[in-house]
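Chains: A, B and C, in written order; residue numbering restarts at 1 for each.
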Amino acid sequence: MHNLSPWAETLRLAVEIAATLAFALSGLLAAARKRLDAVGVFTVTFLAAFGGGTLRDLLLDQRPFFWVAHVEWLWGLLGLSAGAMLFLRHRHFEPTERAMQWPDALGLGLFAATGVSKALDSGAPALVAVLMGVVTGVFGGVLRDMVCNEIPRAFHDHQPYAICAFAGGWTYLGWWWLTDSPSQALLACVIMTAGLRAIALWRQWTLPGWRI
Amino acid sequence: MHNLSPWAETLRLAVEIAATLAFALSGLLAAARKRLDAVGVFTVTFLAAFGGGTLRDLLLDQRPFFWVAHVEWLWGLLGLSAGAMLFLRHRHFEPTERAMQWPDALGLGLFAATGVSKALDSGAPALVAVLMGVVTGVFGGVLRDMVCNEIPRAFHDHQPYAICAFAGGWTYLGWWWLTDSPSQALLACVIMTAGLRAIALWRQWTLPGWRI
Amino acid sequence: MHNLSPWAETLRLAVEIAATLAFALSGLLAAARKRLDAVGVFTVTFLAAFGGGTLRDLLLDQRPFFWVAHVEWLWGLLGLSAGAMLFLRHRHFEPTERAMQWPDALGLGLFAATGVSKALDSGAPALVAVLMGVVTGVFGGVLRDMVCNEIPRAFHDHQPYAICAFAGGWTYLGWWWLTDSPSQALLACVIMTAGLRAIALWRQWTLPGWRI
């Protein structure tokens, strides 16, 4: 995608691993709460981790999917699911979820930036590119919740989540237009998205509801 | 798609705008009833308006999607969602829904005709083309209901809706075979679909249930 | 896909028809239990029969879908849905379901083998190919349950089903590597999958749950 310098590439990879783990764990915990079996646990974990990017690639008609090009991630998820079923207990759920908020916020920013960048590469207009960033960051969780037979949390918990990715996506575009540097734009998107998300968590911001 | 004369093109555009608005409003109201937040309201509105055509294009492997080629519609939906959250109140829901029945019936016909036409262009056999017409007209509502965690209304309310689009699709094919004129076929499909739908609403027809 | 000898081809076709019928009937019965109308019955029947293969082809970006290339199957499903609504009664449900277990097990194997084979043809790595086999065999039922607003049975009933297809998929790969004969690999996959599934039904095996 981008030509990043080696240390930036290493940093990106570290963030990517931490973020994908955070996304995957949100699927694991949702599956555990619904008492799914091993097949359900793996599927929901997979959807939470890779569902957003896969949906984006389906919509943009891009192949190969990330998990086809990097099949080692699938093995990792299989191992993670099996390990979690063996070792993760109910008392670990809440602390795991709290610890994952921060890599999840970073991941939201990184995935949004990846989505915007891929959509721009495929010639999408600005608003579509930003929405593809949101889809990449958010729709894994949406698919996770739909399979678990819940209204997607991202659509009704009134917490700023997709909105942060939306703002981050525009930041990506703006920075890229200003500097013509995709790696700076990536960084700006991650900082804006994760920053907004962190402030929203800290200040317990809520989205405006419908004053029906 | 077709070469319509200018006035026919203007009429088609007017019907398209009214119909898409009717479809979008059905999503808006469903989202409001589930008390979704701003993100959910926009997503469900988008799915109700463009989900059917997007699913058709995914299945036919056609790009670009309507909302990528006409990104102004996305801005319109964003504005509509925001405006509705500011100004639409509970007491408006029922009258809105009633007023939308007629543009919705027209839209069902127009979307079905568009779906049949696009499927034929891509070489689909007759039955597949008619089903793609039904998908275009009906599956926006199906996706809307699935995201709202409901059994899709089109599948269990025993009202003729998809059936009208099915009949309209065959009308499109028949007329097109007879006259070789896609714009006449489009008109015949809209008249048949919307007419059947209007009669069904007026006479309160119901689909045969399963005599279990 | 494969070059099978004529009698093997006839056998494959017979298994395919029996299996698709078993899958379709699982959709029919689910739709009947939810008291869907004619539109819902056909849609859920279609999804149960062809949803898995269609999702696989979407992911692999392969066209045409089976039901576009073999549109006679769509007519068959339309006839089956109509016939079932006329003649199938509540007292038939349980015996139908029991009788369908065996063609369903065969179908799971055949569909898994088809999925693995198609994925390998498109250049997918081994694990992805096996998962595509599982998707082909299992995700028709997943989509059926999602549309019926249930958590997919395959994800929480703790019965070995997807697991059998998973084992069958690796059997396909192993046999194919050993013998370089796709038709033998197909046979090995069907025998392994259906055999495991039959033993699981007979011995009432259950998947390990999450010891939360």
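The rule is simple: a residue touches a chain if its C-beta (ideal position, glycine included) is under 8 Å from a C-beta of that chain, and two chains touch if they have at least 3 such contacts.
A quick note: this is a predicted structure, and the numbers were derived from the prediction, not measured.
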Rounding to the nearest 5 degrees, give the angle of the rotation that lays the CA atoms of chain A over those of chain B.
120
Interface overlap for chain B and chain C, more than half of numbers shared or less than half: same or different?
different
State, to the nearest whole Å, the distance from the C-alpha centre of chain B to the C-alpha centre of chain C.
31
Expected list for chain C, residues touching two or more other chains, is 58, 61, 146, 149
Note: in the complex, chain A contacts chain B through residues 58-59, 61, 124-128, 131, 138, 142, 146, 149-152, 154-158, 161-163, 207-212
Parts of chain C lying in touch with chain B, wherever the complex brings them together:
31-32, 34-41, 43-44, 54, 58, 61, 63, 65, 67-68, 71, 74-75, 85, 89-90, 146-149
